[in-house]
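Shared between the two complexes below is chain A, which pairs with chain B and chain C, respectively.
After this line comes the complex of A and B, so read on.
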């Protein structure tokens, strides 16, 4: 039979065709409007990147992440397999299915439903010669996807079986889409098995199940079930497709443009912009961000995690109390398989939800200068360090021992660095502090800026743009003094330390090794269970204005106990706020890095 | 007159019965712990902004709770949110939350 004489339409295809048309139309409208609203700056980045290696690298990442889900494998192999079998398996079913039609019919145009329901159209068009290799491949791939569906069912019942302590609590709409997706593959299996039983074909899976159904139900009953099964399969597909652009499954397509745009160096910023839509809708609500969240694990708060924040933001139902209840510790961002900039998105949401106060509110800063001393090296203690005088006096001893001339920026009181205001979404207010502090640094002509506070460090490095001034955290500075031989420290015999990575220093600024090197110079370092990228948050983060004192204490106790489990005599940290927080929950001595160095100076 | 470096406030009375306490009660409902303030002034003593200007957190939130909203929003905007007050508060009041709440509630005053 010539292909022009073949039919590739049956009435059961209508739900599928309608669903697919609606889905593609909605997605096209969404993408076009998001792209059109991109700021000019982002368009320039795209133009610059599109004909470069970035495109190839993006393509490779699409294969790795959208199909194979490598990052989820890193979280848990079982979870990775589940996501991979659904994504890569379905993709292969489509790709091999297309190859199958080509093998049967040659390179000719076949309508979409002709590919999708090919097994139905094979006997309809009188094709009797089967291709066992393709039958086997398609059966194998269907089994691959079905194994993922089975694991997804299991995960709903018992998430721990797949390595997740807690999984996402979905809204009704997502549950509908989820159920439709779960039914797609078992219905496909049944429809194809019955087809194989009646018309032959099918390999170990559909063929085998077909023979079984035949022996149980008999030929007549199979004939009755035939059309309804194809109808149900098409309906499940149609429902899923209609729900898809409005549900969590929007991530299936959106992750792909997101990866490309990210490779062209588009990023979310302090203010909401059109690009954010790609990040927000690329969230699959997999819920991997829930387990690392200490607000969940320690306090049992269940509605503020990144997955819920992104969902609420996407559907325009974000509440301030949800946006504000986050430590911004970055533990979720660290594991997010889509690589969404969760902290930045939350910050620009906070920014959009505030009112704009009077321009002159910080006029009192004008002309204030209470700094002390002279020197090329400036020391900015930071507000929190001013409340930990031991850190201050230790730094003073270190500076003296190294013979450093130091300009003390805020010993007698100065302005805040601006980071806490930024973390509350008050970016314009923070700018005033930035300008004030920058003019102060410029006035005193420093070339190195040392700070003891990682919160200040991050904003100095990322927002201040201090040309000609090197910004160092005191851990980096102390290590440098030691390496240059300007600071001689002796080892404390038998002293054992454990180190708590402050969020803003570790995940925030990528400083993990320097504090450890300093500690190892004075004593033995014992690593806690959660360390480096996986370090816990002390709970007192300035980013959270929602939790109470008692809740902060509870988180601190959790952190302190895992640090004490190392058996170390002293808990060391490199952030004044972490020090204060952990000291409240600990039974052992908690010291800043500078303190343990200062007491070992020879 | 001799300048002693300080002056005496003008005498005035706050009549809670006459003040509109709607915003005030909204604030204490959302942040009930504010009512546990003992007025020790630690927040004001450590305040970064208070160190540089006459911003007084204790005074502002106390007046707001009494229904005296005049100028409170403008005053509160002098805060830098650095959070020292929260660390020193003996009652563990979420002072940064209070600042943001007052700013939010009184933004249109």
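After this line comes the complex of A and C, so read on.
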């Protein structure tokens, strides 16, 4: 039969066609509005990147992450397989299915439903010859996908079986989409099996199941089931497609453009912008961010994790109590398989809700500056270090031993670095602090700025733009002094230390090795179970204004006991806030890095 | 009657309770972890608001106990496990009894936890307990040996402070701060003394009058505001930063000495009472009496009683009253049993 005489339409296709049309229309509207509202700066970045290697690199990442899900494999192989079988399996079913129609009909235009329901149209159009290789391949791929569906079912019942302590608690809409998706492939299996039983074809799976159904039900019953099964398959697809752009499954089509845009160097910023839509809707609500969250594991707080924050933000139902209840420790960001900038998004949400600068409040900044003196090196202790004077006096001894001329930046005039305000969303107020401190630094002509507070360090590096001034954390600075031979320290015989990575220093600023090198110069370093990228948060983060002190203490006790399990005599950290927090929950001595160095100076 | 009660803790509450029990014919064993009886006020100089020497009160309490054949005092030992009919010591020894009074008192807040005040870091930052010791030694001196000319006294160190998980008010520190300021002023009439406070809570008879006297007759200064941080000056004095919350202005001041009025923390042993002995504690960590009004010296377990600061911060008089009340409750319970 000529292709022009063939039919590729049956009434059962209507739900599928309607669903697919609605889905593509909604997605198109979303894409267009998001792209249209991108700021000009972002468009320039896209224009610059699109004809570069970035596009190819992005394409490769799409294969790796959107199809194969390499990052989920890193979290857990079972989870990785589940996601890969669904995404890559479905993709191959579509691709091989298309190749199958080409094999049967040559390169001809066939409407979409003709491809999707090809097994139905083969006998309808009187094609009797079968292609066993394709039958086998398609059956194999269907089995691949079905194995993933089975695992998804299992995960809903028992998430631990797939390596997750807790899985996402979905809203009703997601449940509808999820259920439809779960039924798509089993219904396809049944519809194709019955088709194979009646008209022949099919391989080990659909052919085998077809023969079984035939023997159990008889050909008459199969005939009755035939059309309804194709209807149900089409309906399941249709429901899923309609639900998709409004549900978590929007991630399927959002992650792909996101990967490209990210390769063109678009990033979320301090204020919300259109690009954020790509990040927010790329969240698949897989819930991998839940398990690392200490608010969940230590305090049993279940509704604030990144997955719920993004969901609430997406549906415009975000409340302050959700947005503010986060330690911003970055542990979820570390494992997010989509690589969403969770902290930045939460911050710009806070900013949208809270950024109302109080004009009179910062008038005191005039007249605070009583600073004197000069020095090549400026030392900014930071508010929290001023509250841990042992660190201050240790730094003083280190500076003296190294013969460094130091200007003490916040003794006679420094103001807060501004980051606590930024973390609470008060970006404009924070800018007043930034500008004040910047002019103070400029006035004293420093070339190096050392701080012992990682919270200050991060904002100095990322927001201050101090041209001509090198910003160093004291761990980096001390290590440099040692390497230059300006600071001689002796080893403390038999001294054992364990190190707590402060969130802002480790995950926040990527400084892991320097403090360790310094510790190893004075004694033995014992690593705790969770360390480096996976380090726990001390719980007293200035980013969280929602939890109580008792709750902070509970987190600190969890962290302290894990550090004490190493058997080390002293818990060392490199952040004054972490030090104060852990000391509250620890039974052993807690010291700042500078303290253990200062007492070993030769 | 032939009954035997174990009183755990030989401070003012425990001593008073023991003497009352003895008077009523109950044999008593006092367990005291220190080497002698007396508790916290052994190291105290004078008691507010009458400036009565603490030693005078202790001497009277001791004399009430002396020469009773029914009393056994076991010093240097601690209870590990308590039931109404037996107490197991940390040494493993088991003491049989008919009832137990827990009069273990409180633990002084460790000022080192508030590192920002520099206790243990700067020489002339001391606690209220250190100051009492200095009074007893007869001389208050700076580390350098000279007399202080300007002294700051900071209230609420480890009390009403969420940051160290001590939400409760320790109640007696305000008046202690006033008392110590007056004693310092008597010692150094020319010195400036500043009390930094959040509220002044003068709850007892004669306290408010004392507070007024301190201002009018002794010229002690009171500044409403907590000290936020302390740092050393070049000439080895202490620079304190605070906010005067009445004028709403930040304040910086150099002083020679800083006295921290350390609060009462729930006894560190209370956790063990909860975990091992089935007793209940309040969220503050202090033990929970069976009822705040009608059974305030009884625990949630029959035959185990409380006296003194084990259930809440109390002054010396209140603790002694509870000793008496607990003794009476014990006798009633033994008779009814």
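The rule we apply is simple: the second predicted complex is superposed on the first by the 590 of 602 C-alpha atoms of A that agree within 3 Å, B and C clash if a C-alpha of one lies under 4 Å from a C-alpha of the other, contacts with A are read in each partner's own complex, and residues count from 1 in each chain.
As a working rule, contacts are C-beta pairs under 8 Å (C-beta built on N, C-alpha and C of every residue); 3 or more make two chains touch, one makes a residue touch a chain.
Just so you know, these numbers come straight off a predicted model, no measurement behind them.
Colleague: Applying the touch criterion given at the start, work out whether A:416 contacts chain B, chain C, both or neither, answering first, second, both or neither.
Modeller: first
Colleague: Report for A:205: first if it touches chain B alone, second if chain C alone, otherwise both or neither.
Modeller: Neither: A:205 stays clear of chain B and chain C.
Colleague: Can A:433 be said to touch chain B (first), chain C (second), both, or neither?
Modeller: Touch partner of A:433: chain B, not chain C.
Colleague: Give one of first, second, both or neither to describe whether A:361 is in contact with chain B, with chain C, with both, or with none.
Modeller: First partner only.
Colleague: Is A:549 touching anything from chain B or chain C once the two structures are fitted on A? First, second, both or neither.
Modeller: both
Colleague: Give one of first, second, both or neither to describe whether A:389 is in contact with chain B, with chain C, with both, or with none.
Modeller: It touches chain C, and chain B stays clear.
Colleague: Is A:583 contacted by the first partner chain B, the second partner chain C, both or neither?
Modeller: A:583: touches chain C, not chain B.
Colleague: Quick one: classify A:149 as touching chain B (first), chain C (second), both or neither.
Modeller: neither
Colleague: May I ask you to name which of chain B and chain C touches more residues of chain A?
Modeller: Greater contact footprint in residues on chain A: B.
Colleague: What is the shared patch of chain A, the residues that chain B and chain C both contact?
Modeller: Dual-contact residues (chain A): 364, 386-387, 548-550, 580.
Colleague: Within the complex, which stretch of chain A touches chain C?
Modeller: Touching chain C from chain A are residues 364, 386-390, 392-393, 411, 548-550, 553, 580, 583-584.
Colleague: Which residues of chain A touch chain B once you look at their complex with the stated criterion?
Modeller: The contact residues of chain A facing chain B are 320, 324, 354-355, 357-358, 361-362, 364-365, 368, 383-384, 386-387, 413-416, 418, 420-421, 424, 426, 429, 433, 540, 542, 545-550, 577, 580.
Colleague: Within the complex, which stretch of chain C touches chain A?
Modeller: Residue positions touching the partner: 113, 115-116, 118, 121-122, 162-165, 228-231, 250.
Colleague: In their complex, what parts of chain B are in touch with chain A?
Modeller: Residue list for chain B touching chain A: 33, 46, 48-49, 51-53, 55, 73-74, 77-78, 80-84, 87-89, 92-94, 96-97, 100, 103-104, 107-108.
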